[in-house]
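The chains carry the letters A, B, C and D, assigned in the order they are written, with residues numbered from 1 in each.
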């Protein structure tokens, strides 16, 4: 950060509105070569919008963008890319029907004299790139069927292949577990050595301290603060982000364990998970930990009836559950908050109220017909309880920020008043304030006697919230650790299994 | 860390080269279609050996050429999750317009006739493209509308008129009747277009963009693809091909009137679907589409040759279309599953 | 008796864009002009059974004096034509009849029996009295084609046709391309085919065009019903030796006069009544309200140049 | 936090706007019809007008539901034809009419079931599958009846197709349309089944994850569609006293055009029954008025296309214009 040189990238007083929604009011940012810069803020603070302005996806309504001190205007993402910007967006942006190599090189494939694509050269380069990332993926494999983690790896590979001098990453770690995060950090650090300017968005504050040198904090679409990371503390960051101090982060209540609510015996799905057995009691939060790809979500989906199983049985509150139909599971008192809210949790074009009522349509019926009034009352109630930040419950849910979308998914399931709540990555991509609210809600729920199975890749959350930690490794439960005995090392070693080679594989 | 230094050896253990999965999948789908085609021909020939004579093969190729061309054009559009229902109307209007040109200028060179047809197709394709990209009208709605409008205009213009083979110069008729090394000219023309289109889709950046757009439009935009432009190009291509098909239709059938080619749009979509072009975009090849058109064309003629009652023909065709789509999908899924399993144990 | 002037007469063809129908309608319009009436042609652009009904209803609402219709379906339009007649509108069918209660007069191109039998006689002459042949018809539901085919099969029962064998009735749906492909299939399926009878102008042209460019030219006789203009080239180059038709323009002309006479009250449609049909002279209403234009003309290379329609 | 009972949301407002526009268009075409022809508003003419779109309306009702659920059924017209043919065959076999009609309706439902099963079981796109069954069912209609047309249905039944209700100008079959409209409106807008269709159309995976039985819902939709198409086949046969294999050929595109003109999104998740009913009325009025004014059928074809196009194009252009205007206003205030 030399004084006489301009920053690599600078955004001054940018604003952006979508219709009546002001997503960004006054976004400012300076990004210097050779630094990792954290961009922090609550859900809906405008971080992703700012990123998309930098990337040429959106054109700002006002404000200036300077690259190396020169004012620029990117009309589309290609122009930003050509100016040396690589972007990893918050949501994976891959072509499922194309190979990994084509995904990485779309629009800039190597060509021969006749301008034909040289597939061999392209695949060779991508194979090399993937192996430097230490993942067992091949260039010619189709993207369809990749796990979210693998997709994220492809996104990272794409950004790296650009050899850009600005790398922008919008929550790249949200879908990754620890070993993958570590690997990503190593790559980022190496890039920093090569004077690349990196913008890094995350809701995991420990990552901020582990990786970044400076930070910019936003609130309600406005830049409120910037500082060197070394000069900050977690509490200071949080109070700048939220505008107030937060109370205890993991409000784990000690609740007496009730009867068995969810009982799983010998659940097997060929090639995915094998012989999975466990119980969850009323008033208990059981965490299901493990590496991404261990098969945790698949167990949840199987219990809920989305995926077929080859063997095993499930009981809800003592009654056997006929597997294979989600509707039956819901009727039996099961709720599943899925891991991918956009694909599995929400109908993005439908209104917030309509989404919230989706699980309880049958209960909104009065005199045989659905009452619109009870629908909006329901949505409003849950919105209030979860502190949903939305201007209009009839607005499409897709216009909400990620964290607020997560709250709608949570609310729609809590509205069913379930006996057992399975919640997959409950805080993926949501801000600290919202996280605290989710934890508080979970604590309240178990206090009221609900049984919660929480799938999570975030160790602090697992250790902070769970009464018991089940760890999965390659489709089997490899450990069952009581709260008192749970610590980072035990969970991680169980997650990694016996063989250390497992570290090399992400999928 | 440097990016993709190609000197860096692959780190992971499994050294055996896995088959090219992308290519393998595509190949296997086309291979099945090809097998189905051969089986169809063989079965028909077994019952009716004369099915295999040269004249009949020529006829089948001639029949399929035009539908095959249209199917290839439709493929470009369907790859982008769009559809072009207006092709039949374009064929009709182009055939009649070019025929009228011949009536007015009997000495018109054949190449001018082709260009005129292509020009008409381009014009209607441009209208479709503008409606879809600029007007943001879903392609099904836009092209259903232009199907009606173009056909209506055709009716209003042609009324009860008819162009007969007698009005067409011999040089033009040669497109359908002449041949080079025993392959009819019309088939050669179609083949050239099909190969060009296939190379474009497989080997050129622009071609790959059609796949990208259909696979994930949002991601395509983020990857810097000019989606509007590419969609526009797709509809121009489809329109131009339909225009050319109209000229070929005129050459082949000689008689055209206001209702020429009415209703073939669904045949074309069916051929594409049978040829493994996904209606949901992102998947499909010109080879597959052409095989799809061939399979339907052969079934069509085989049913007649096998003396199946005309009343049963359509029912059997319909059942075969459904069966083909189902089998193709099941096959694709089982391949995908095998692939996944391999990865699990790999 | 004098025809009223200013009569409103509407023609409803099977399909407004069918070239054959257009010639017939033009004949009708010419007749109406002669008698100083107001003529018009309305109708659907597809040949569905029901598509004519809304036009009939509209004509009733418009209080036309007479409706002249070539029915797409013998029954579908009957209730609506009855309604028209009950409101004093005169109904004439031509080309393709409805059930008798649906109209007052049917102007037939030639009596169906002689058309059907005539086709077989012509074919027999062309193929030398023996061999396999096929019929290429319009749609499976086309009323007049089905009637003619019925009479063809009747005629075939005669002992002199014992060696003539009808192997297949194919349907080209009055669609040029479909008829073309059907012809091609027929030749494949029946290698010994000697003749094709296509009693439809679309079918015969398509069949002739296919045969002309195939090795079967000269071996397979094509005949049926078609217009001279359409078939001239095929007759000249020898693909087709002879075929038949009446003048569709005259058919329309006669139908218009029948309608005008009904509307003027000079006739009621009863058997035995006769009326003046302009340049066609005097015509008599036959059995069950049928008026016959006359026997079809057989066209061959000798006479084809003297016709232009 | 939002006010729960806040007035109309933007999305709802947009819907109402479209419906309001349809009402205006309807009024304008009614007035236009009267101007074009004094006979237009006569009872007899209105009666014909309503009768004319009976079958299209009966099929459009379930089609609305199907398109909202982001599926499509192209086989409806073929089911209509096959039902008509079956009706003729059964009647000729000597079965009593009520039994004939019952069997035909069951057969139509089974045809829909076949569509649904193939689509749901193998998870195939309905557009592709129903292109196949379009040919299949039409073919079966020909297999059943061949080149025959059956017309000797009992007068007591054909009267139902032709006559009007007592002293009014409402055609008898129109009762079915009215009943159907009420049932389907309630079904779509006010029952869990109907509500779940919007979710299925907008995001089928999320709908499944919400405990909605997507497969069964779709299956029911296609069965419903088959049944209604069969009903339309019965009405058609009685209205025209004619059972034929080619009855209703090409209706599928008219039905889809009517549904889309009614504001239903082809991508699913959006649309209302009221819009579709208005659209049917407008198309009926326009066709009738233009025919009465001796506008040729080819012009009618063009009008149909233009209407369909404008239904999507105009709102889009208006929205675009609004957005630029808003932006300009905002720029001025800044």
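Going forward, a contact is a pair of C-beta atoms (placed from the backbone, for glycine too) under 8 Å apart; a residue touches a chain by one contact, two chains touch by 3 or more.
Model, not experiment: these values are computed from the prediction.
Centroids of chain A and chain D (each the mean of its C-alpha atoms) stand 42 Å apart.
Centre-to-centre, using mean CA coordinates, chain A is 73 Å away from chain C. Each chain gets one centre point, the mean of its Cα atoms, and the points for chain C and chain D are 36 Å apart.
Chain centres here are Cα averages; for chain B and chain D they lie 30 Å apart.
Residue positions 16-17, 45, 140, 171 of chain C each touch two or more of the other chains. Among the residues of chain A, none is in touch with two or more other chains. Each of the following residues of chain D touches two or more other chains: 142, 146, 245, 250, 296-298, 301.
Contacts between chains form some other arrangement here, matching none of path, ring, star or all-to-all. Of all possible chain pairings, those that touch are A-B, A-D, B-C, B-D, C-D. Every residue of chain D that touches chain C in the complex is listed here, in rising order: 37, 39, 42, 44-45, 48, 52, 142, 146-147, 149, 151, 158, 161-162, 236, 239-242, 244-250, 287-288, 291-292, 294, 296-298, 301.
Within the complex, the chain B residues that touch chain D are 131, 135-138, 140-142, 144-149, 151-153, 155-156, 159, 263, 266, 269-270, 273, 278-280, 310-319, 321-322, 325-326, 329-330. Those residues of chain C that touch chain D in the complex are listed here as 16-17, 40, 42-46, 48-50, 53-55, 57-58, 60-63, 73-79, 99, 139-141, 146, 171.
Those residues of chain B that touch chain C in the shared complex are 48, 50-51, 55-56, 59, 63, 155, 158-162, 164-166, 176-177, 249, 253-262, 300-301, 303-307, 310-311. On the side of chain D, the complex with chain A involves touching residues 1-2, 4-6, 8-12, 186, 190-192, 195-196, 198-199, 202-203, 205-213, 269-270, 323, 326-327, 330-331, 334.
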